[in-house]
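Each of the next two complexes has chain A plus one other chain: chain B in the first, chain C in the second.
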Partner chain A sequence: MKTIFALSGVVIKELYRRKDFYVLFVLTALITLVLGAVNFFNDDRIVRYLKEVCLLLIWVSSLVIAIGTTARQIPAERENRTIFPLLAKPVSRWQVILGKFFGCWFACGLSLVLFYVFFLLLSGTREHQWPLLQYVQTFALHWALLGIVVSLVLLGSIVFAAPSSNATISFIVVLGILFVGRHLNTVALQQPEPLNSIIYTIYFLIPHLEWFDVRDLVIYGQHLVGWGDCLLAIAYAAVYSTFVLAAAWVAFRRKALNL
Partner chain B sequence: MKKAAPAYWLLLLLTCAFTLGTVLQPRTTLWSPRAEAGSLLKVMLGDGRSLFADFFARKADISFHSGYYPSIFDQAEAPKDTRHMTSVDPDEADGHSDHDHEAATTTGEPHKEAAHEDHDDAHEQAMNFLGPPRDIFERFGRRFMITEHAHLEGGDAREILPWLKVAADLDPHRIETYTVASYWLRNRLKKPAEAEKFLREGLKENPDSYEILAELGAVYYQNLKETARARNVWELALKKWDVQESGKKEPDTLGRVQILDHLALLEETEGNYSAALDYLKKAQPLSPSPQAIQRQIDELSAKVK
Partner chain C sequence: METILETKDLRVEFKATAGAQTKKLALKGLNLKVQAGEVFGFLGPNGAGKTTTMNVLLGFVNATSGSASLFGVDVREPIARQRIGYLPELTYYYKFLTAEELLRFYAKIFGLPRAIADERIDNLMKLVELDHARKRPIKSYSKGMQQRVGLAQALINNPDLLILDEPTSGLDPLGRMKVREIIQRLKNEGKTVFFSSHELGEVETVCDRVAIINQGELKVVGRVADLVKEHEANLEQIFLNIIGYQPQLAA
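Right, the complex of A and B next:
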């Protein structure tokens, strides 16, 4: 575990040395604050539009950070040839995969904490309500989703040739699942066989990222998700991430490291 | 010959660019109608703005339903218009609805109430789009989303306004954006001055809109208590309706009935019973509930005698 955490520490240091996070955070804060300053019909108690825009920006930023950071990890090690001394330490390939995963996931978690603190302060000062439990739940589910995304991108960084193609495909897949994943069963039922069975199988196989998107519950001040359901969803994310990481390890084990 | 320093050449080019800019700028407005645009959005998006306006008007509707709204996969079930956004729910607890409901039944708008009741039932049915879950994943997924149909109540209604304002900025010819926003501003948020201002903006963009005029009259009559202005505006609305709708195959009869109802109510409260009777008689053949209007006519006829 020590080796894994040493590897992840390097990834976290890389996040705060690079400018991506700062730029995204400043942009999110700036856009939200400018929108917050807009006067709609002399009513300063309008807040939901602001929460919606802010959460959307947080989601976009977190996906950019997760995919951007993860996609370049292994290709950069190979390109700079630092993968060879790393594996000669000795560090096994399984540890490299796990170290990179935890590094990227913790880095996403750290940035997410800052984003959510900003959101909490913004909505609290405007709304004069502090639904902390709901925000904790939203954060936990969001972070669990990023775990699945990071593992998928890590697998992509071994399968695909370049970080750019990996990042693009990962974005398309993640956004596709977020927008369409929930409705694939509806689409499947409208198709003739064998398309029906194929689409339904895809529906059960894909990671259901949309479960982790509880923004609407926060924006519209709805109920808390049951804690049991929340834990079940996090367990689903853990199992799915482990499965994808195992697939990444299998692919990485057979991968030639020289370019 | 001594060569000029590069800095002088750059300065010369900059001066030329500036001079040309001052010459060309007034002429560019004549090249394309887009260049005449007042707002940045108009310049950037052109006619594509109306697509974005629809998106933001839909956002207002989603906000009105507190996030419970059919997706693109349930679009057959999506509300087709915004009438449900201005419909009256008699069961609402804040008291305003009861008043509106009572007003509708007792002061010459019985058809409006009947139309609203039919529409509310259809709307409730349409919004029951989820149905039972088809599989275990769908059942589990519903625990993380909004699954109950509810409309915004009382002061929460303010949350739809930013989306409507943006929709109006993007497409100033989308009449219902102005009327829906005004309805909420004057009825629930008690901001008739803001409603009037917004309707005036709409009227500036759509000077022939009888719908905006009808709503503006309601602001004057019901909220600002300016009877004379309300009468003028509603009479103008009636004229605009005649010019635009009377020649159509399927005219907006409900719009005309509403204007006539408003005028009848105004004249009745002002004691001009015969004028009120005239308006009601004009409204009766077009109304979806002529019997109710007949009762109104009978009551007024008794008063005249």
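Right, the complex of A and C next:
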């Protein structure tokens, strides 16, 4: 585990030493601040709408950080050839995969904490309400979702050589799953065989990212999701990520790396 | 005497690339043995198979057939690399880290306890004369300084075998001298050094034994003094003869 955490530490250091993370954070914080400061006739609906926009912004930013950071991990190691002195140490390739995964996931978690704390402070001071448990559930499920996204992008970074193509494809796939994935079963019902079976198979194979989207808890102050359901969703994310990481390891395991 | 590094009938075949019809045979049954405490020079022209051999030894490339082992352990096992240090030809390190952070990172990978890692980092920083710059990011270093960081990271685990890929390439005369001194020091400590180089004079000075490889085949292996005596020529002439170099005489 020491090796895995040492590798994760390097990923996190890289993230906070890169300027793009700060640019994204400051930009998101600024927009959230501006939107939070706007007050249209004390209308609750408008306040909620603005909260929705702010949270959407946090979601987009977190996806950009997760995909952008993860997509370059393995390709950058190969391009900069830092993979060679690393693999010349007693490090196995599955440790590299896990180290990169945990590094990117923890880095995403850190940036999520910053985003959510900022949003909570802004929203709480304006509304004088502090629904902490709702925030905890929203954060936990959001972070679990990012775990799946990071593992998918890591698999992509082994399949696609260039970080830019991987980031673009990953972004399209994740957005596609988020917007279309949940409706695939309905689409399948309207299709003849064998299309029906194919679409159903895809529906069951893709990760159900929509299960992790509980922004309404924070926006509308809804009742908490059952903690059991919350844990089940997190367990689903853990199992799904494990399968994707195993696939990434299989692809990376025998890959020849020529100096 | 303990065999530290061994290859048996090592064969590496690369897939045909676009434009090339046939597969490329990079190594054709290479047999090598390096004993404990030796400084072993691995020579050959560009494209001879030196880097491929190193790639196999370090687990970057899998052999098509045959085997390679370090300390008797198959090179495909990561544990085989527990007692080795590797210095690549060029500096391939995380440039956003400081030299100290880089060494600490590698020390963690080797599982060194904090106190030992601290002491070793201090000693290595002094050895490679980078103590004054240890807190600066590597990206701010000159090429020579980066090469010295490379040497420090290769020694962080106090390795029994040091694999050096053209260690003096791109260094100024002082840097070369420093590397030679370190190799000599390691030899005096009983360490084994396996290195590739194009600097034949340097090889002649520091190596106990050399191997010359050409087109994936081992052409000659032996003690430098024995080879010189046997061929009645210096190492450079032996090398040129083996690779079939014909001097272009002026008309």
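Throughout what follows, the second predicted complex is superposed on the first by the 249 of 259 C-alpha atoms of A that agree within 3 Å, B and C clash if a C-alpha of one lies under 4 Å from a C-alpha of the other, contacts with A are read in each partner's own complex, and residues count from 1 in each chain.
Please note the rule applied: a residue touches a chain if its C-beta (ideal position, glycine included) is under 8 Å from a C-beta of that chain, and two chains touch if they have at least 3 such contacts.
Small disclaimer: the values here were computed from a predicted structure and weren't measured.
Of the two partner chains placed by superposition, only chain B is touched by A:Arg182; chain C is not.
Applying the stated contact rule after C-alpha superposition, one finds that A:Lys19 touches neither chain B nor chain C. When the shared chain is aligned, no partner comes close enough to touch A:His128: not chain B, not chain C.
Contacts of A:Asp213 after superposition on the shared chain: chain B is touched, whereas chain C is not.
On chain A, the patch touched by chain B and the patch touched by chain C do not overlap at any residue. Those residues of chain C whose C-beta lies close enough to touch chain A in the complex are 51, 54-55, 58-62, 78-82, 84, 86, 88-90, 92-97, 101, 105-106, 108-111, 150, 153, 157, 163, 165. Of all the residues in chain A, the ones that touch chain B in their complex are 38, 40-43, 45-49, 141, 182-183, 185-187, 189, 203-204, 208, 210-214, 216-217, 219-220, 222, 225-226, 229, 232-233.
Of all the residues in chain B, the ones that touch chain A in their complex are 63, 66-67, 71, 73, 134-135, 137-138, 140-141, 143-146, 155, 158-159, 161-163, 165, 181, 185, 189, 191, 194, 198.
Taken together, the chain A residues at the contact with chain C in this complex read 2-3, 5-6, 9-10, 13-14, 17-18, 80-92, 95, 254, 256-259.
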